[in-house]
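Listed after this line are the structures, all set down as structure tokens.
In what follows, chain A forms one complex with chain B and a second complex with chain C.
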Partner chain A sequence: MELNDIIFYVFGAITALSALYIMLTKNILYAAFALILTFIGVAGIYVFLGAEFIAVTQVLVYVGGILILLVFGIMLTNRLSGKKVVSPAYNKLMGLIVAAGLFAILFKGILQANFSAMNWIDKGASADSSIPKFGLTLMTDYVLVFEIIGVLLLLALIGAIRIAGNVRKEDKSAV
Partner chain B sequence: MPFDYLLILGAFLFCVGLFVVVTRKNAILVLIGIELMLNAANINLIAFSSFDPNALQGQIFSLFIITVAAAEAAVGLSIVVKVYKHFQTADLDKINELKG
Partner chain C sequence: MVFVVYAERKISAFIQDRYGPMEVGYYGILQTVADLLKLVQKEDIVPLAADKKLFKPGPIVIFTAVFAGFAVLPLTSDFGGSAADVGIFYLLAIVSLDVVGILMAGWGSNSKYALFGAMRSVAQIISYEIPLGLTVVCVVMVSQTLNLQEIAFQQGIWWNTIDPEAHNYLFGIKALGIDITEIGGILTWNIFRAPIFFFAFIIFFIASLAESNRGPFDIPEAESELVGGFHTEYSGLRWGLVMMGEYGMMLLVSFLAVILFLGGWNTPLPNIGSVTLAEWTSGTPGTIAGHIWGAFWMLTKAFLLVGLQMWIRWTYPRLRIDQLMNLSWKYLTPAAILLVLLSAMWRLLMV
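Entry: the complex of A and B
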């Protein structure tokens, strides 16, 4: 087994185990911290698949942005009076049946589809660094979607501030 | 590296996210589950994209998914904070009034 494979399996194991921990823990804050490990493991897998830019974006946006938002959300929606912020799972059996059933179907489907044997899968193709190509594709073929997604993000952030922020008294008449 | 393992990891993350969304009643944990499901979709897109080094469609789609996830988290969390201010709880089962 090569070193590449070992590191890949380590990142996969980090991702899977921390996701499992999110599933099992009752503490919301621990779940949010385990989510950091999941995101970092996923980012490591992206690097192995030749998507360095997406890996860096994953770390910046998810670990640096969404996780901070989640921790702030936990802080603002719980009375922190020394006790732990817990939220037990309800309907565990039904949830487990649904999730495990879906996983079994997907698992069987993936094994039966046998992707490794398909002819467009080039096993020798090593995913090389592709950031210049990625940037060119993004700014030529997909530039319209890129601009639209930027406007969407701006709208969502303005909306989030408008929803969560306090409306000042003198502005009430204008709303 | 084995390609099937990547797809199975994606399926596993999706199912864990589904379990978290279905069984938890705290709104923040439901959002965490949704983030897990979005990451599972991203893993699949990038796994297939690694066999397509010229067009890179999968990577671009996953960039858009990350952006939409950020927008969703921001709006969702602001709604949760506002709901908490109104109802004094983030438990989704106790938020059962339509008229504010």
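Entry: the complex of A and C
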């Protein structure tokens, strides 16, 4: 086994084990920190897929942004209510059935797929995956999607300000 | 690193006219060594009420996150860390992991001072990451690459060794028609290539002060109200790691500022006619002279910036939290967005 393989399996193990921990732990704060590990593990796997940019984006957006806010939220609510926030398991049977079904579908799909015959795999290996090209396609072929996401984020931002905004100030402006 | 801590002690003692760091050994040289020895010997105290699973790894996460950032920095023209294409982007991402460590430390300590310190620190770092990131975007837009080594190459006389087609014009404006690719020196630094970068550099510097929790943005560890911020409960080596993280962050943002705005490892002296000052004070990339001159300029500039950070810390009073948020969201962020637009326009002048 080469070093690359070992590192790949390490990242895989980090992802899988931390995901398992999220499921098993009752302490919601630990779960949030374990989720950070999961995302880092997934980012590592992205690197092995040759998608460095996505890996870094994953760390920047999910770990550096979203999860920090999540942990922040848990901390604040935890301290305010004065008791520990726990997340016990509900709907164990249903959850198990859904998870098993999903696993069966994915497992069968992966076994049946003939990856080496798919032309996009070869294309991905030979294509120039450099950042300039990535940026160019983003601003030409996928510009519509890009712009729509931008507008969507702006909407979310305005909505968040509206919800979180100071109520007293609104009353004043209404008068 | 040890040298920087020493410098901080010296400068702070000098400004406040204190005696300790001035008198241990010759001129106080041994003060840092004494501090370090003291830290290593100290007992590693874990408070009884602390959340041990989070308390213990906290400083390690902070330390690792900051030092992982150094991995992509080029020190000289031919020597440096990984030359990953995503360079600067990776750096911003990995440094944001620092926040996770601070949260772990603050929460794990189970003490109100530490928790408040962590919350202030994280709120501050997240807020200031935005103007910081935007000014980095300005530079990336003008240099058209995320690779830090390439950004450094563009700011000196050796650009043609990696890209024979490239040309630098005075202030980046091609219409002026003054080709300064061979002149180099301070004229090809980003701050001169696109003069609007002067403002970008100021914003970057202010934001980087806040990122590394330095004064005047050091309310997360305001001694007078919070004892020591998120690392109140730490002692011995773990506290040492936290402090190394802070100083590492200072160095990292200084290096970054140097590479992005102040020419990286390039010499500040231009070639003037037959007086080729730039070539005399920088070796060809790959040669030993290239390494030595590169490292010399890089480290000098970075340490100058670190010195500036210390100077500011020990002279300015700290900001209140609302003033701090005001500054970030109401002034720096809009200004940085405007600069992004201006740099895009500047880029059009350059081609």
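Keep in mind that, in the parts below, the second predicted complex is superposed on the first by the 144 of 175 C-alpha atoms of A that agree within 3 Å, B and C clash if a C-alpha of one lies under 4 Å from a C-alpha of the other, contacts with A are read in each partner's own complex, and residues count from 1 in each chain.
Just so we're on the same page, contacts are C-beta pairs under 8 Å (C-beta built on N, C-alpha and C of every residue); 3 or more make two chains touch, one makes a residue touch a chain.
A quick note: this is a predicted structure, and the numbers were derived from the prediction, not measured.
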| item | value |
| --- | --- |
| Touching partner for A:F33 - first (chain B), second (chain C), both, neither | second |
| Touched partner set for A:M23, first chain B, second chain C, both or neither | first |
| Chain B versus chain C as contact partner of A:F72, first or second or both or neither | both |
| Touched partner set for A:P132, first chain B, second chain C, both or neither | second |
| First, second, both or neither for A:L157, with chain B first and chain C second | first |
| More chain A residues in contact [chain B versus chain C] | B |
| Chain B versus chain C as contact partner of A:V59, first or second or both or neither | second |
| Which superposed partner A:Y90 touches (first chain B, second chain C, both, neither) | first |
| Chain B and chain C contact sites that coincide on chain A, given as residue numbers | 53, 57, 65, 72, 130 |
| Chain C residues touching chain A - in the complex, by the definition given at the top | 53-54, 84-86, 89-90, 92-94, 96-97, 99-100, 103-104, 107, 115, 119, 122, 126, 129, 144-146 |
| Chain C partner contacts - residues on chain A that touch it in the complex | 29-30, 33, 36, 52-53, 56-57, 59-60, 63-65, 67-68, 71-72, 75, 79, 130-132 |
| Sites on chain A touched by chain B in the complex | 4-5, 8, 12, 15-16, 19-20, 22-23, 28, 31-32, 35, 38-39, 42, 45-46, 48-51, 53-54, 57-58, 61-62, 65-66, 69-70, 72-74, 76-78, 87, 89-92, 94-96, 98-100, 102-103, 106-107, 110-111, 115-116, 120-122, 125, 127-128, 130, 133-134, 137-138, 142, 145, 149, 152-153, 156-157, 159-161, 163-164 |
| Chain A contact footprint on chain B (complex, rising order) | 1-9, 11-20, 22-29, 31-33, 35-36, 39, 42-43, 46-47, 49-51, 53-56, 59-60, 62-64, 66-75, 77-82, 84, 90-91 |
